[in-house]
Each structure stands twice: as C-alpha cells, then as structure tokens.
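Two complexes come next, and they have one chain in common, subunit A, joined by subunit B in the first and subunit C in the second.
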Partner chain A sequence: MSVGLEAFMLLAAVLFALGLYGAISKKSTIQMLMSFELMAIAISINLIAINRWVTPREMTGQYFALFEMALAAAEIAIGLTLIVALYRRAQSEEVDDFTELKG
Partner chain B sequence: MLNLTVFLVLSTIVIFSAIKMLSVRNVLHATYWLLLTAITAAGIIWFLGAEFIAITQLLIYAGAVGILTIFALMVTVRTEGELIRSRDLSLAAAICASAFFGLMAYAITTSPSLMRVTEYDPPTFAEFGATLFALDGWVLPFELVALVLTVALIAAVWWTREVRKGGDES
Partner chain C sequence: MSSTMSYYLLLIPLIPTLVFAALLFLPRDLRNRLMYVSPIAMGTSALISIIAGLTEFPGGPYSILRLDYRLATLGEMPLNLTIDVGPLSLIMLVMVTVIGTCVQVYSLSYMKDDERRGWYFTVMSLFTAAMLLLVMSGDLLLIFAMWEIMGLCSYMLIGFWYKEKAPRRASQKAFLVTRAGDGGFFVALAAIYAACGTFNINDILASAPGWAPWVAAVAALGLLWAAMGKSAQLPLSVWLPDAMAGPTPGSALIHAATMVAAGVFMVARMLPLFELTPFVLTITLWIGVATALFGAILACFQNDIKKVLAYSTISQLGVMFVALGVGSALAALFHLYTHAFFKALLFLGAGSIIHATHTQDTRKMGGLAQKMPLTTVCFTIGAFALAGVAPLTGFFSKDEVFAVIKYASNYPALVLACAMGVTTSLYVTKMWLRVFFGKAKTPHVHEGGILELAPLGVLAAATLFGGISTRAFGDYIGDIGVWPSWYMATISTCVTLAGATLGYLAVRGKFDRFKEPLRFVGAIMDNKLYLDAFYDNVIIKPYFIVSDLLWKFDEVVVDGIVNGVVALYRRLTRLTWRFDEVVVDGAVNGTAAAYLEVTEASRIIDESIIDGAVNSSATLSQRFGTLLRKAQTGKLQTYQRLAIGGLVLVLVLVVVLKGM
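For the complex of A and B:
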C-alpha cells in the first residue's frame, strides 16, 4: 500500500502547528528558536513532498528546499547570536526581561 | 517505494519527538529531541526520493544548527538548575496552533489533489547538480543565498564579539 501527497502535507501541518505552539508559548528565547526550527523542518518536508508528486523531473521543490534550509540556517545563526548578545546585557534569556523598547 | 508502514513509523517518531521537545522540562533534553526530529525528518525526505536534500538536512539541522543551539545553551546557562524550566503551557497558543492545523487540514483534504505523477524515477545526483549550476537553471539564486548566508554569519561574528567595559555598544 502506498502513501499519497495528502498524508505528507498533513504530517507537515502537524509539525508546523507544534512549532507554532512552541513559538507562541515558550518564554525562553532558545526554546522559541528551536520551535522556529521545527517549523522550518515542516516546510522542507512539505516542499519535498510536493516536489515528489508535482515536479519530479524539474526538481523545483528540491531547489526551494535547499534555499529554504540555507536561509533557515542563517536565521538560526543570527537568532542565537542575538540571544547571546542580549544575554550579555540583561543576564537573562527570558523573553519577559527584554522590555527596554516597550513604550 | 512509498510504503505505508515506513511512513507511519517515521511520522510517529517525528511527531512524538516534536511533542517531547515541547513538553520536556530540561532545555538540553529538548535540544536532543529536536535533533531526533531533524534526523527522522531527513529520513522522511530520503524516503521521498530527495537524497541530496536529506543529506543536507542531516548536515545543517542535525549537525550545524543542533551544535549551535547547544553552544548557545552553554553560553547562557550558568547552573544546572537553570536548565530545568516550566513547561510554559499556554491556552492561547494551543488555540492558535489548533486553529492553524484545522484550517490546513480542511484545505488539504477538501482541495483537488495536486498529485500529477504516479510513477517516479528519482533524478540522480548528477542531474541535480547539473540543473543547479546551469546558467539557465538555479545558479543565480544559489549565489544569492550563499551571499546572504555569508553576510548573516559575518554579522553573527560581529554581534558576539566582546564588548568593552564602560564603552558604548556600537
């Protein structure tokens, strides 16, 4: 028995929803970034699954997944760097402590 | 071959480890669960016939990003007690996430199927590389992404440098 595209898209939707939950609820900045990573993983699964059934010869989805991974890696690198820089200032990694710009 | 058993096993592991990542109280253990999620996701991508992307996924997420996250934890956590955190349960976030999932599931199950191909012979690594670096292919976006990644990493190095005591931050 074989699996269709919808199953993979549902799997990616579950992963993305879990990542969204973490990104909203977590109060530690590092855990927030880890949730973003979860969302990025869901996106690449989705791109590859769509590639497999829609453009297998052109491989468009594979190239987009490659670019998405590189950009997500850049995002995580910058995000973790900002966390370290903010930690130096506030001696904390809690989202609730970064209120300097709050009006 | 897209076998139902393999899919069920891999997706169960992926969802279970994602839930563990969100629910475990030790942040370091959460990182390990994230690593397991990334590795299993690479397995799913391999299973879908995109070997190159699966290897890239392993190298970038399970390798580079996992190690970066652990390094950031090592820099920002001073005592073992700080690793243990509350679960940060939030009703609003749960409502948001389930509304998102509901919408997605509705859209996926009711829209006409995108599946156009039934037989699939995966392109080889050589074809993948040839199209990636062809002038009428993806070479320009590839170079742009490389540039973005370089700029981001230089910015990362710049941000983490030591700040002089008493001096201003710039």
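For the complex of A and C:
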C-alpha cells in the first residue's frame, strides 16, 4: 500500500487523541503542557498533509504550519513561566493543589 | 393799529406769574427778603401795558392778539383756551397793572414788619396775574379758571392774619359766598356749551341770537348770579364788608382792580347775550339799583373807615350794574375804570390813616389835615371823586351812568340813582369831615414814608386828570356812548351838593333828635339789612338742624341695623361652632379610627403573605445555589473534561441532526 493522505491523517488523529488524553488525565502541569504540544503537532501534520494532497500547487498549509510552530513555541514559553510562578507560590506543580476556584 | 400779532403782551400776565412761581417754593426768610421782586415785576408789567396801550391809540373794536391753545378734543369739537386782546383788554391791563404796582409799592412799607410779608407778595402776584389773564382771555373757560384763582387768592388775602378768629371766618365766608355764585357760572357754561359747543366769546355772541330763548335766559341768569357773587351785589354782598379783616392794601386790590371788577367785566363782555333776554337785563338793572342805594345807605351808618369804604364799593358796583342793566357796557366799564383808581386811592389813604392813628373808628379820629397834609390832599381827591365832584373822574363816570339811564328813559331808576348820589355824597362828607377836621384826638400822628406817599400821588393824579379821557375812553374801546350833557351835569352837581349839605348837618349833630324815633332804622342798618341773620336762619341753621337729624338717623337706624347684624352673626357663629364640634369632629374622628383598623389589617397581610413570599423565594434560590456549587470543583481537569464533553455532545448533535 502506498503512503497516502489517510495515513498522515490517521497518524495525526492518534497523536491528537494521545495529547487530549494526557491533557485531561495527567496531574502534573508539565505533563499537561507536553500533551498540549502533541495536540498542536497533530494539527500541523494535518495542515501539511492536506495541503500536499488536496491543493499541491499552493503553499498555504505549509506557511500555516510554520506559523503554528512559532505560536506553539511562544505558548510553551508562557506556559512554563506561569508554572514556575505557580510553583513559587504553592511549592507544587500538581494541578490538584490549585483549587481556589472551588465553588 | 398794528397788523402783526403783539406777542409781547403775553409778558404782562407772565411776569407776575413767574414771580409767584419763584417765590412759592422759597423758604420764608428768603421769600421775605425777596419781596421787592414782586412790585418791580408788577411795575415792568405796568410799563409794558402802558406802552402797548399808547401804541394802539386811538383804539377801536378789533383784536391785536389772538391765540388758541387746544386743551383737548371732545369728540369732534376742539376745546380751546383763547387769548383775545383788544383795546378794551389793554385799558383793563393798564388799570390793573398800574393799581397793582401802586398797591404793591405801598405794601412794601405797610407790611414791612409782618413775619409773612413774603407770602403776602406771593399771593398778590398770583392775584394780579389771574386778573390780567382774565381780562385778556377770549373764552369763558379761561375766564372761569382765572375767576376761581382769584377766589382762592381773595381767600388767602382776607384770611392773611389767620391766627385771629375774625379774618378766618371772613375768608371762609367770602370763599363760600363767591362759590355759591360760581354755581351759576357752571350752569351758564353748561347751557352755553349745549347750545353752541364752544366757549369762545366771539363765537358765542355770534351764535346766541339763534338759540332757544330759554337757553339764552338760563345762560344769562347763571352768569348774572356768578357776577353778583363776585361783585358783591345784593343778596350776595355779605362777604365784602367782612373781607375788611384782611390787610388794607389787599383790600385795595380786591375792591379796586381785581376781584370785584371781574364780575362787572365779565357781564360787560357778555352783554349782547343779556340783551337777547330783556327780562334778565331788567333784573340786572334793579339788582344794581337796590345794591347801589342800600350800599350807600348802609355806608352812612358805619363808623369804621374801612367799613364805610367797603359799603361804598358795594354801592358803586351797584352803579355799574345799573349801567349794564340799561345795556351800556361802556358806562359800566368807564365807571369800573375810574372807580378802580379812586377806590384804590381811598383804601391806601385809609391804610395810612389807620397806621398813623392806630384806630379804624372815624369818631376817634380828627384834625388829621394839619398832621398829614399830603395824605389829606390825596384822600380828599379820592373822596371827592367818589362823591362825584367836578372835574374829578368820578364825576364824569357817574354822569355817564346817569346819562345812559336817562337815555333808556327809565325815570324810576334815575330817581333812585339820584337818591344814591345824595346818600353817597352824604356819607363821604361825613367821613371826610370827621377824619380831617375838628380837634385831634390821637397823639403822635405823622405822614407815611415815601413808599406810601408815592403810590397815593400817582393814583391821585390819575383821579384828578382822568376826566379828560372821558371821550377818548369810548373811542378807544370802540363803543359809541351817550355822553352827558350840561343838563345832566347840573343835576348831578346839585345832587352832590345836597348830599354834602346833609353830611355837614349830620356831623354837626343836627339830625340827632331824629335818632330816637328812627331807632328801628338804625337797628336795621346796624344789622346790615338782616342779610347775615337771614343767611344764618335760612341756610346755616337749617343746615345744622338737618345735619343733626341725619346724625340721629345714623345713630338710631343705621347703628341699630349694624348692631342687629352683629348679634345675628354671633348667634350664627355659635351655631356653626356646635355643628363643627359634633358633626364635623365626629366624622373626622370616625374616619381616623377606621383608617387605623384598615392599617392594622394591611400590616398583617403584609407580614404574612408578602414577607412569606419573599422569604420562601429567597430560600428556594439558596437551595438551588448550594446545588450548583457542587459543580464548581476548582480542578482544572474537571473543567477540561466538561468542555470536551460539551464539544463531543455538540458534534454528536450536529451529526445526528444533519445526518452527516
């Protein structure tokens, strides 16, 4: 079988599902961040693959993927900064320790 | 005769008016110090008058100044004040201003010690100004206005020494009696305006022949009545003798030039109206005859020098009315003119005599001829003119009156006029002999100063030489008269001589034996013909009785009604109060109690139902809130899961509803 669009989209779907599971289930904020990264990568793969197979003459998907990477890098930087700030406050990075919004 | 209007004539009344206006507002001290202004101003007016009079010589019946001032417009009719100066007015202006000047110069000396002398000159200025405007006016309205101003001025002059009782009463009497006469003027004005719609004298006289006879009669009678009041004719003569209470120079002005002359002058101006109704003319004649005769007779019985002169004025005014009554304005005005000079002279002379002797009683005077020779000469000239001695002015003017009576062929009137002449001569002789001859009864008598003698001299000269002007006077005012003949002059001289003889005999006491049998005559004369008593009993006492009755009526009936109403009102009030207390208060209290009950009920409803509802809804929302709180765990993953769940749910719904 030749490697086609479906294969890439299946890979992206698996990666997204893994990331979503990790974001929902992991207790560590660091791990949650990593899961978000997985989901972002899955979306990037989708963008590039669809561009390659659906509209190969245009580079829109590629450009968008590049922007998305830069955005993900910035997001990680801010996310890590927040986590460090939270750690300094509560001496913990466990998400269950931050329940101040409990009703 | 000048063709242009002589507006400068307006200065003649204007100058004294300005003096009056200026002095009126000054404080008393300053006014007293400025009193010299008044005679100087009057002298200026006199000068202008004389110049104007000479310019117009030899005169005639024409106007040299005519001015209309529109006062108002009544409907379509203009209501004008008219000034109409002809030679007649000029001659009156000369007379009034010359006499006014003489009197005021004399007053400078006579009144010099009076504390209100400034006020005296103020009034004199207004008085003379009013008379000047009266003789200049060409319509009855202006005449009436000036007439009233003179009434006011005479009131103030007669009552000048208002701190004493007699002048006060005399001034009120003069004012009221002349006012009673003015009622006639009102009636006449109304009748004239109804008949021809104008007050202009020329227009009135032109249209008068077309009026209904009774309208002309009413107008003429009204004017006659007014003139009788002003010129002191019987029976309205009572105010004049009492008016002697004022200062003597003031009396001179009232008697000679201003007040009393106004009545005669007005009738003379309106004489054609009188001639339309012969019976009014007849009334005028007989009133004149009666006044002339009784005035002269009353003068015989007076001992007060001023009273003698007062009655002689009444008598001489009567003579003027006689002349008017036979239809001769010329004779009346000529006698008015000559009389003004010699009567002013007599009054001023009498003033000097009173000042010198400190008495007014002729019986206490005597022998003044040696002590006061100049005054004696002047007074004698005046007295002889009054008696009608040739060739003084009084002789000519009285003969003129006699001549017109004879020309009218009214012999009863002529006989009575001669009787008046005898009587006049009698009382003049009596007064003259008593005052100037016999032995002196008063010490320290001396002449007055130059300020007193100069006016006397001027007036004496006018009286002495005025007779020459007899013919010229008639030509000047444009009236062709009947001039006395030698025949009349002889009769007149005999009359005068007869009177003088009787007067001489009276002073010598030849008539004393008739005194006892004729006592009743003396009583009548002492009581001034009972005229005052007549007014007292017929007018004044009934007036008081009616006033008394009205007062009683007021007290009994009107007060009774008022008191009854008050009592009724009190009853009514009490009743209302009861009603108020029982019914109104009851209703109010009941309403209040009911209101309280309702309030209590509504409170209960409020507490149980409304509060219950509010509280239970609050409890309900609290329960619900507690329930919802549980969803807020504060855990991040919980929210994530819910968000994902929600997303999935939405996707499923989209798939199910759209069917892929």
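Note that in this section the second predicted complex is superposed on the first by the 102 of 103 C-alpha atoms of A that agree within 3 Å, B and C clash if a C-alpha of one lies under 4 Å from a C-alpha of the other, contacts with A are read in each partner's own complex, and residues count from 1 in each chain.
Criterion: a residue touches a chain if its C-beta (ideal position, glycine included) is under 8 Å from a C-beta of that chain, and two chains touch if they have at least 3 such contacts.
None of the values given here were measured: they were computed from a predicted structure.
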{"item": "Three-chain arrangement built on subunit A, subunit B and subunit C clash or fit", "value": "fit"}
{"item": "Superposed model, subunit A: greater residue contact from subunit B or subunit C", "value": "B"}
{"item": "First (subunit B), second (subunit C), both or neither touched by A:Leu101", "value": "second"}
{"item": "Contacts of A:Glu93 with subunit B and subunit C, given as first, second, both or neither", "value": "first"}
{"item": "Subunit B versus subunit C as contact partner of A:Ser25, first or second or both or neither", "value": "both"}
{"item": "After fitting on chain A: smallest Cα gap, subunit B-subunit C, Å", "value": "8"}
{"item": "Residues of subunit A that lie at the interface with subunit B and also at the interface with subunit C", "value": "20, 24-25"}
{"item": "Complex interface listing, subunit C residues touching subunit A", "value": "628-637, 640-641, 644"}
{"item": "Touching residues on subunit A, where the partner in the complex is subunit B", "value": "1-11, 13-22, 24-28, 30-31, 33-35, 37-38, 40-41, 44-45, 48-54, 56-59, 62-63, 65-67, 69-78, 80-85, 87-88, 93"}
{"item": "Subunit A residues within the subunit C interface of the complex", "value": "20, 23-25, 32, 95-96, 98-103"}
{"item": "Complex contacts: residues of subunit B adjacent to subunit A", "value": "1-4, 7, 11, 14-15, 18-19, 21-22, 27, 30-31, 34, 37-38, 41, 44-45, 48-50, 52-53, 56-57, 60-61, 64-65, 68-69, 71-73, 75-76, 85-86, 88-90, 92-94, 96-98, 100-101, 104-105, 108-109, 113-117, 120-123, 127-128, 131-132, 138, 141-142, 145-146, 148-149, 152-153, 155-156, 159-160, 163"}
